[in-house]
Amino acid sequence: MISEDQTIVQIRKKIARNELRDYLFSIIGLLATLIGFVLLFTLIIDLLIDGFPRLGWQFFTSYPSRFPEKAGILSAWVGTTLVMVVTAATAVPLGIATGIYLEEYARKNWLTHLIEINMNNLAGVPSIIYGLLALGLFVYFFKFGESILTGGLTLGLLILPMVVIATRESIRAIPNSIREASYALGATKWQTIKDHILPYSFGGVLTGIIIGLSRAIGETAPIITVGALTFIAFLPSSPVTAEFPFLSFKWLFDPFTVMPIQMFNWVSRPQKGFHLNAAAAGIILLIMTLLMNGFAIYLRHRFRKRIKW
Amino acid sequence: MKERAIENSLLLSALSSIFVSLAIVFVLFFEAFAFFKVVTVWEFITGKQWTPLFAQPKFGILPLVSGTLLVTSIAVGVALPIGLIVAVYLSEYAPFKIKEVAKPILEILAAVPTVVYGYFALLFLTPILQKFIPNLSGFNALSPGIIMGIMIIPYVSSVSEDAMKAVPMQIREGSYAMGATKFQTAFRVVIPSAFSGIAAAFIIGISRAIGETMVVAIAAGMMPNWTWNPLEPIQTLTAYIVGVSLGDLPHGTLEYQTIFAAGITLFLMTLFLNILGFWFRKRIREVY
Amino acid sequence: MVRGGIETMIPEQLKAEVKGLNFYYESHQALKNICLPIADRRITALIGPSGCGKTTYLRCFNRMHDLYPNNRYEGEIILFPDGLNIVDPKVDPIEVRMRISMVFQKPNPFPKTLFENVAYGLRVRGEKKKSLIEEKVVRALKQAALWEEVKDRIHDLAFNLSGGQQQRLCIARALATEPEILLFDEPTSALDPTATSKIEELIIQLKKEVTIIIVTHNMQQAARVSDYTAFMYLGEIIEFDKTDKVFTNPSKKLTEDYITGRFG
């Protein structure tokens, strides 16, 4: 009948239109996804073009200077390394301990709830607020001054939520039957944690720590706020001394700078020469960050293969 | 009673999170309190000039707030729609191979240090934009806004995608069984079901943009400017704090306290957003 | 069940005696006034439909319920010869677990080597002498009829064993500490028939050395393996007697209905 044919034709037209819209959207979706890729690609090429020629032994072993060709990142990468040591020393024990407590010991009461709310909230606080906290608390109240210790503590607190979350997720992945098997053999809670929970969650925790540290390496704002200097032409005191006791902690209280601050400083100068230096520093930062993230993902993969739950 | 001692020391570590939160609130309020003894709250929140280091200082926070909101709006205007589209594409359309490549790239995008993005905004994007927009100033809100937007896409897309993945397959199948296309299913069925999660993703994106420091410190300028024109230089709350910290500021002076006043403004803005986000995430759990 | 009659219910030496055991999950009562003898070096089986409380009852013996909040025991489980009340809150659950071991429903070896799995119970007790640990591990693996199959790969990861082998590993692990009672919680329900019969043979062998309580939803298994059987329903003991009698001539109608498959 005529009306039925027309209806079928209309339906087919509608379907065609819908499918066209579907197809168009899949194109748009792909393009949208590519935006990030395009940006990353352009960014890397741009950095490489400007910065690659500057990379070299001289760049790594020179101090910053008024002359862009002579400037280097020595004080910056030493500072970054030392600050990372303090950061790790802060975030790792505190983060793992908190994670263990929340997963193995905490009961479902108001205190646990409060701790968890705080942890989630802190993860969303802008990094510069941590800088202000550190300024008031570490620099002036505890009188640590504008030092490596302060910088490390600040970043340690900043990445603390990341370590806690990684620890908790790794511990949660351990099936309860393993815990019961351990307790059934007469183990105490701490023995079960020490002999089973910690070793089996190690891979996930390590991954979280590395990702946290890679984030900390790139952090600039809180470090500027606690008074890292942008032009340092000397290194902090060495941790290793020539006389007994061969170990010194003076470096903790020395002024310092870090890689991202050095890059920031160079970008802010008008001379093109410094911009090239900034690009070179940027390349190094990018490589460090990507290597650490890549390594973390590789570790996660390897540990997942060893332990199949 | 070694077990007891171990439990207590672990508890102490866990309490550190509460300690940090309290310390943040305490430090901010303590210094801000000193600030507000000198500057009235009224002048602070309504003044349109922020010149604390001038001989005749003015302490109106509005230029910094407008700077923050302007850049954030641009960033969010880029990140939210694109982030959502990417999430829909990856969750409902993309073949496995594309997902395998796209996901790591998005992760890398989120991992790049923000100074590097700042460099890119100032030295690459701004000159290019200036070719199309002749009266674009060297420092402006548009360029960092766009870069920040792209930087935030991974946050929006991954949380939105998680929210959409949580929608059970049966609901989708119900839609497909009625002859709907992927597009119709995604936008009429999946997104509304995942609404709370997507809202939470949006809030995370906005919060991230508000708190961003280095991209704007490098590319937006260090001049507080009460304007909504993205082509002019502006200064955000975050950039102000950094700018002041770069210089020499004796502890206890009014100028020193201004960074805490800016800080507390920033803190309250992100706190409000976090609470909103938390509320939305609670709603997700109630739905499923 | 008449309290005074427990000692005379069976003409054998007792390893343990359950007197008036009640158990509460929060406010819900899961076990009601359980009174049972556990014969020394015999196999006592517990049968009953899903949810009747048999696993709950079993887990009272090694205080597993203490691991989770809001649980409460009432009554007594007396261990002989010393008369310790297992469920007394003043008694340390760890002490109980050192005397009573458990094998779980689904094999749960640790992601460690076979050797370390079996040795763990010994290490937890502070045993440090390498030679002694080795000796006990080998003995346990032999007792669990696993030694011949794994003696060349004792330092391999336990995950590489088959399901049946993993369960025998868990039995070896439970035996290494020379427990006084060995609890089996549906030990073969996750295994194939060949593995099942191997383990049933093993359990019958083991009773020479250790008292065994086994929970099973497989009635034929209870009939094959055990000396005494208790039938449980809705948290109460309906009937308890020598296995032969329970299966051929039960005295309660409920028991007979369950055994003949009318329900459960």
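Per-chain numbering from 1; labels A, B and C assigned in written order.
One rule holds for everything that comes next: a residue touches a chain if its C-beta (ideal position, glycine included) is under 8 Å from a C-beta of that chain, and two chains touch if they have at least 3 such contacts.
As the structure is a prediction and not an experimental result, all values here were calculated from the model.
Taken as a graph of touching chains, this assembly forms an open line, each chain in contact only with its neighbours along the path.
The chain with its Cα centroid farthest from the Cα centroid of chain C is B. With centres computed from Cα atoms alone, the innermost chain of the structure is A.
Between chain A and chain B the centroid-to-centroid distance comes to 17 Å (mean Cα coordinates, whole Å). Computed from the mean C-alpha positions, the centre of chain A lies at a distance of 49 Å from the centre of chain C. Centre-to-centre separation between chain B and chain C, using Cα means, comes to 57 Å. Residues of chain B found to touch two or more other chains are absent. Residues of chain A in contact with at least two other chains: 188. Those residues of chain C that touch chain A in the shared complex are 62, 64, 67, 69, 94, 97-98, 101-102, 104, 106, 108-111, 120-121, 123-125, 159, 170, 173-174, 177. Note for the complex: chain A touches chain C at residues 107, 175, 177-188, 191, 195-196, 200, 306-308.
In the complex of the two chains, the chain A residues touching chain B come out as 15, 18-19, 21-22, 25-26, 28-30, 32-33, 35-37, 39-40, 42-43, 46-47, 93-94, 97-98, 100-102, 105-106, 114-115, 117-122, 124-133, 135-137, 140, 157, 160-161, 164, 188-190, 214-215, 217-221, 224-227, 230, 260, 263-264, 267-268, 275, 278-279, 282, 285-286, 289-290, 293.
Interface of chain B with chain A (complex): residues 2-3, 6-7, 9-11, 13-18, 20-21, 23-24, 27-28, 30-31, 82, 85-86, 88-90, 93-94, 98, 102, 105-109, 111-120, 122-124, 147, 150, 153-154, 179, 181-184, 204, 207, 210-214, 217-218, 238, 241-242, 245-246, 251, 259-260, 263, 266-267, 270-271, 273-274, 277-278.
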